[in-house]
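Below, each structure is written out as C-alpha cells.
Next come two complexes, and both contain chain A; in the first it sits with chain B, in the second with chain C.
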Partner chain A sequence: MSTILKITKRELMGYFTTPIGYVFIIVFLPFLWYMVFQKNDFFALQNASMDTVFSTMPLIFLLFIPAVGMRLWSEERRTGTIEILLTLPISIAQATIGKFLAAWIFILITILSTLTFVVSLNNLGSPDNGVIFANYIGITFVAGAFLSIASFTSALTKNQVISLILSFLLSFGILFLGDPGVLEVCKAIAGYLHLPVNPVIDFVGSFGFYGHMINLQKGIIDSRDIIFFISFISVMIYLNILLINKQKAK
Partner chain B sequence: MKRNYNTIAAIAVIIVAILLNMVGNKFFAKVDITAESSYTLSEGTKKILDDLAGPITLKLFSSKISTENKTLLNQIEIPVRIIKEFIKEFNEYSESITLEIIDVELNSDEEDTAENYGLQGAPINSMDKFYLGIVAINMDDPDKEASIPFISPNMDAFKDLEYKISKLIIEITKIQKTKIGVISDLPMVGNNIPPQIAAQMGKKSQKPWQFIEALKFQYDFVSISKETNRIEKDIDGLIIAHPKGLKDNILYAIDQYLLNGGKLLVFVDEVCVADTPPQGQDPRMAQGYSKSSDLKKFTTSWGLTRNPGQVLIDAKSSLETPMGRIHALFQGNKSNFPEDGKITKGLSNIEFFIPASYDYKSVEGIKTEVLIKSSNRYGGVSSMQLLRTPQKGWYDLTRPLLKDVTEKEPTGLVYRFTGKFKSIFPDGLKKDDKEAKNPNRLKESTGNPSVIMISDVDFLNDSFIARRDQFGRPLNANFVFVQNLIEFTMGNESLISIRSKTSTMRPLTKLDDIRQKADEKRQKEIEKHIEDEKELSKKLKEFKFTVVNGELKINITPEQQVKMDQLKKKRKEMRKKIRNLKYLTTKEVDAEKLSVKVFNFAFFPIIFLILGLVVMFYQRGKVSNNG
Partner chain C sequence: MIVVENLVKKFGSFTAVNDISLEVKTGEVVGFLGPNGAGKSTTMKVITCFLEATSGKVSVCGHDITKDSLKVRQIIGYLPESAPSYPDMTAMSFLKFIGQIRGFSGNKLTSHIDRVVEICELKPVLHKKIETLSKGFKQRTCLAQALIHDPQVLVLDEPTDGLDPNQKEVVRKLIREYGKEKTIILSTHILEEVEAVCDRCVIISNGNIVANQTPDELKKQSKYCGAVNLSMILDEESKIKAKSTLEDLQAVKNVDVISKNNQHKFVIFPQNNNNSIAGAVTETANNFGWKIQHLHTEQGRLDDVFKELTVTKS
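== the complex of A and B ==
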C-alpha cells in the first residue's frame, strides 16, 4: 500500500513540476466558463443551479481525460523508461494503480477548481447544495471511468495520438451506450442473431454512463450507480495490469 | 499457457463484475440528498399509502422513444426517465401498489388502450402522438379509476407529480367525501346548471371557483342558505366567505356549530372586488353598493377589532412592479410566515389584493396563532380613497403615506383561534325564545373547535389565483395556500406536505436585492425629477396654441419663445437625468454579474499560475544550487 502511495505521490508531483498540469487546468476552466456564461447565458436562466456546469463537464472530459491518460503508459513506452520501471522492485499492479490514482487526483483537483461556481451560486441565491454535492460525486466517477479507459488504451500502444483517439472513441461510445439510438442498433443486431431482444437491450443499456449519472445529477446517491462505476474502473485497471504483464513477459 | 491464463483471468474478472452488479441491482440502497428530499416520497404520501385498504394498480403509459421519433423526442428523454423512476417509488414503498409500465409504440394497440382510458397524446408530427399519462385503478372496485391524461415531459411538471398521483389514489379510494358548508354571497360554489338550461331559466351558468373545483375529488361543497337557523351535524367544516348582512338566525346557527367543536374558515374583506352589484340594479344604487364584509360579533369575541374604512398596505411586503405599479397591497413571503407553519411551508408570494385592517387584543381562554403577519412597516389607507383612484395610481397614492411610517409590531392578516370559545348569544337568540330554554344550547365550546380568519376574499377569486406569467407558471401561491387552509382545517394534512414540495424556486435573489436597493436609493431623486418634469410640461402647456389652416400655431412673443425653448431644453435635461438614474440601477446589477464572471474566470487560473511560477523558480534555484 505504501508503495502505491509513493508512486502516486511521485506521479502527482510530475503534473505540477512540469507545465502540463497547469496548461490543462488553465485551458479547462476558461472553456467551461465560456460554455456556462457565454454560450448558455447563465444569468438569463435566473436559476441558482449548476446544471450547465455538470452537463458540460462530461463532454469536456471526453477530450481532456484521454489527453491526460494517453501519457500514462505510451510515454513510458516511447521513451523506453518502461523497461526501467519493470525492473524496479515494485509490482505491475502497484505501478498501474499508483499511476491511475495520481492522474485521478489530478483530475479531481481540476474538478474542484470549479468550486468558484458553488461560491458564486451561494452568494447569489440559495442553490440546492445536496444536488451539487451529488453531481460532484457523479462527475468524479465519470472522470475515473474515462481515465481507466485512457490508461488501458495508453498501455495498448506507444503512439500517444492513437491512444488518445482510441480512448476518446471508447469513452464516447460508453457515455452514450444507453442512448435510444444506440439501443436500436443493438436491437437490430440481437434480432439478426436471433437473441432475446429485451434482455440484450437491458444488458447493453446498463453499461452506459449516461444512465448511471441520472440519479446523481438529480441529487440521489444510489448504491447501484456507485457499484457500477467502481466495478467498471476496477475491471479496466485489471485489464490494464494484464496488458502490462503481457508486455513484460515479452 | 500464460496467454490462456491472461484471457481466462480477464473474462473471469468481467464476469465477477457483472455478477456483482446483478446482485447490487437486487439489493440496493439510495439516499436522496436534495434539500427538500424532492425525489423521495413525502410523509404525506407515505401516510396515504399506509392507509390503503386494498390493492391499487398504476398504469403508466409512455411512448417508446425509438429511432423513428428519436430526433423529435430527444429533449424529453431524461425527464421521462426521471418521471418513470419516481413513479416506481410508489410501488417500492407500498405492496398495495402494482405498477405497470406500458411502452406505447406508434400505431399500436397500446395507443388505443391509452385513448380508451382517456389519456391524451401530444402531437409530435402530423401523424403521430406522444403519450405520457397515468391511470390509477382500484382493484377492489375496478369501476373506480382516475387518470392524469398527460404529464408534460419537463422538470417543471415533475414538481407536482407526487401530488397529482397521491390525489388520484385518494380519488379512487375515498369511500365518503368530507362535507363542507359554504355561506357566501359570492358564487364560489357555482350553480351546476348547464348553460343551455340556465339560459332557458333566465339565469347564468356559473362554474365553481378554481380552488373549489380542485378539491372536489375529496370534498363536497354545499351552499348553506342565509335563512337557515341550524347547521346540520353532517357538515364537517364551514367556509364563511365575504359575509354581508348575516342575520341573527344564521349567526346563532354558526355560533352553536362552532361551540359544538366545529371548524370555521372565515374570509372577510374591506373591499371585495369580486363582489359586483346584482344585474339590473339601479346604477345610482350600484354606486353606493358596499363591497365590505365582516363577522363583527364573532371577530370581536376572538379579540379582533376592525379599523373601519381602512385597508392595510405594507411598505415592505406590497407587490410592486419595477415600473412603480401596485399589483397587490400585501405579498406574503417567508418573513411573513411562522417558521414551523404547516400551511405556509415552502410557499412564497401569497398575494392579498386589498386586505382589511384589524387590531388584536388577546381574549382569555382563546389561543391565538398568527399564520401570516405584516412586516414592521405598514399603514392604513382609506378604502374610499383607494377605490376612487385607478389602480395605476395606487403607487403614487400610498407611497407618501408610507414614507414616514415608523417601525412597529407586525399585525396579523391570517389568524388561527383555538381553545375555549364562548357563545356570542349568552342569552339565546331572544330572551323569550324557546331556544333560550333549550337544554342542549351551548354557552361554551366543547370538543376541539377551531377558526381561521383571513382578512381578504379576493385572493380566492380565479382572477387572482390564476395569475400566470407568459410561460404559464403561477405568479403567486394563492392556489396552494387556500387548498392548504381547507385541508388543514379539515384535519387532512397529508397533501399539504406534498404540495409544499411543488413550489420550490431558486432564483438569484441577490441580483433582485441589488436592483431593489438601487431603486430605493434613487427613488426620491427620481420622484423629484418626475415632479419637476411634470411641472415643466404643465408650464409648456400654458402657451396658447391655435389651429390655422389645419396646422398647430402658437401665438407667442419672441421673449416667450425664448422662455419656451429654455423650458423645453430643461425638460429634455430632466428626462435625461431620469433615464440616467434608472440606468445606474442596471449598471449596479451588471457590475455584480461582471464580478461573478471575473471571479469564475480568473480565480483558480491565477492561483495555478502563481503556483506554477513558484515551482519553476524553486526548481531553477535547486538546479543552480546543485550546479
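== the complex of A and C ==
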C-alpha cells in the first residue's frame, strides 16, 4: 500500500512542479464558467441549484480527462523512465494504481475548485446541499471512469495525441451509450430492419454512464450505481495492468 | 552472480538475442561490446526484468528472473541506456523517490543519498531540476539512482556515454572499485574502456556471442599482435629498399608502410605472433645505418579484432 502512495506522491508532484497542473485548472474553470453563465444563463434560471454545473462537467471532462490522462504512461515511454520504474522492486499493479490515483486526486482538486459555486449559492439562496453532495460523488466517479479509459489508452500508444483522441472517443461512446435518445434511435433502426434486438440494446445501454448518473444527479446515492463505477474503473485498471505486462513480452 | 542460459528474445519475427549463454561471477566486471542493434541492451533489459525472455533461463544471485522477479529487482542496480530520469524532478527528489521505493527512510535514506551524491559528485546540482542539467550530470544522476541501495549486481548500459574525459575516468574508477566485490555488466562502444575496467569482454554480434575472453586474450587474436612499429626518416629510394630488406627477413610475413613526406612508419608483421621480431628488426636497421626514431612491439589492437568479429562478411 505505501508503495502505491509513494508512486502517487511523485506523480502528483509532477502536476504542480510543472505548469501543466495550473494550466489545466486555469483552462478548466473559465471554460466551466462560460458554459454555465453564458450558455445556460445560470442567474436567469432563478434557481438555487447546481444542475447546470453538474450537467456541464461531464461534457468538459470528455476532453479534459483524456488530456490529463494521456501522459500517464506515454510520457514514461517517451522519456524512457518506464525502464527505471518497472525495474524497481514494485509490481505493475502498484505502479498502475499509484499513477491512476495521482491523476484522480488531481482531477478531484479541480472538481473541488467548483466549491465556490456552492458557497455562492448558499449565500444567495438555500440550495439542497444533499443533492449537491450526491452530485459531487457522481461526478468524481464519472471522472474516475473516464480517467481509467485515458490511462489505458495512454499505455496503448507512445503518442499522446493518439491517446487523447482514442480515450475521447471511448469516453464519448460510453457516456452516451445509455442515453434514452440514443437507445430510441437504435431501437427505431432495429425496428425498421425487423431485428428483434431491443433487449440487447437495453443490455448494452445499461453499461453506458447515463443510467448510472441520473439517480446521483437527483441526489440519490444508490449502491448499485457506485458499484457499477467502481467495477468499471477496476476492470479498466486491470486491463491496463495486463497491457503493460504484455508489452514486457512483446 | 549472473547466469544466462540459452537466452532468446524475439520482437515479432525479429530475433534480437539468439541463444546467448554466459556467466558473470561475483567480483567480476564484464563488458558487452558490439555494433548498434547487436542485442546488448536487449540482453540487459531481460536481466533487469524489464523485458520478458522469449525462451531461456536467467538467474541473478540464484534467483530466477521470472519466478523471483521482485527479489532480482531488489538486488540489481540498473542504469538504462541514455540515462532516463524524471525531467521535472530535482536530482535530490529523484534520488529520494528511488530510495523510498527501495525501502529506505529517515537517517538511512539520508546516508544512502549522501553516499551516492558524494560518489557521483552531484552536490552542485542537487536542487536543480533534472531537465536543466547537462548531459554529464543527467548521466551521473541516473547512475546515482542505480547505486543508491548499494546493489550486489550492477547493470550499466553505456555508463560513460556523454561524459567528458575527466568524468569518464571518475566513472571507470568507480566501476573498478565496485567491481572488486560486486557483479557488474556494462556495455560500451569505447574499446579502451573495456581494457581499462573489464575483466572479461563479451562481443555480441547479430544476437550471438562471438567472443567471450579477457581483453588481453582478445588482443592476441589481432593480426597486429607482435607486429613491430618502426618510424624512420628516409628518402623515397631508401624507403623502397628498406621495405624489401625487411620483407626478406626470415621471421617477417609482410610489411606495411605509411608515409608522410620523408617520415615513414613501417608496420612489420611477424610470421608467428609468438616470436618477437623486434631484435631482428633493430639489428637490420643498425646494419643499414637507418636512423630509428621510434620502435615498439604492438600488443594487438582491440578495434581490429572487433571489426574482424562483427563486420558481416559478404
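Heads up, the rule we're going with is that the second predicted complex is superposed on the first by the 231 of 250 C-alpha atoms of A that agree within 3 Å, B and C clash if a C-alpha of one lies under 4 Å from a C-alpha of the other, contacts with A are read in each partner's own complex, and residues count from 1 in each chain.
Criterion: a contact is a pair of C-beta atoms (placed from the backbone, for glycine too) under 8 Å apart; a residue touches a chain by one contact, two chains touch by 3 or more.
Bear in mind the structure is a predicted one, so any value in this text is a computation, not a measurement.
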Applying the document's definition of touch, where does A:I220 land relative to chain B and chain C: first, second, both, or neither? first
Kindly classify A:S234 by the partners it touches after superposition: chain B alone (first), chain C alone (second), both, or neither? first
If you stack the two complexes on chain A, which partner ends up touching A:I84: first (chain B), second (chain C), both, or neither? second
Name the contact category of A:A249: first (chain B only), second (chain C only), both, or neither. both
Which of chain B and chain C A:D202 touches, first, second, both or neither: neither
What is the contact status of A:T17 with respect to chain B (first) and chain C (second): first, second, both, or neither? both
Touch test for A:F133: chain B only (first), chain C only (second), both, or neither? first
If touched residues of chain A are counted for chain B and for chain C, the larger one: B
Shared chain A footprint, chain B vs chain C, residue numbers 17, 249
Residues of chain A that touch chain B when the two form their complex: 16-17, 19, 22, 25-26, 29-30, 33, 36-37, 43, 46-49, 113, 116-117, 119-120, 123-131, 133-134, 180-181, 184, 206, 211, 214-215, 218-224, 227-228, 231-232, 234-235, 238-239, 242, 245-246, 249
State the interface residues of chain A toward chain C in the complex, per the touch definition above. 3, 6-7, 10, 13-14, 17-18, 79-81, 83-84, 86-91, 248-250
Please output the residues of chain B touching chain A within their complex, sorted ascending. 2-3, 6, 9-10, 13-14, 17, 20-21, 24-25, 28-36, 38-39, 65-67, 70, 77-78, 81-82, 85, 506-511, 593, 596-597, 599-601, 603-605, 608-609, 611-612, 615, 619
In their shared complex, chain A is touched by residues of chain C numbered 11-12, 45, 48-52, 54, 70-71, 73-74, 76, 78, 80-82, 84-89, 93, 97-98, 100-103, 129, 142, 145
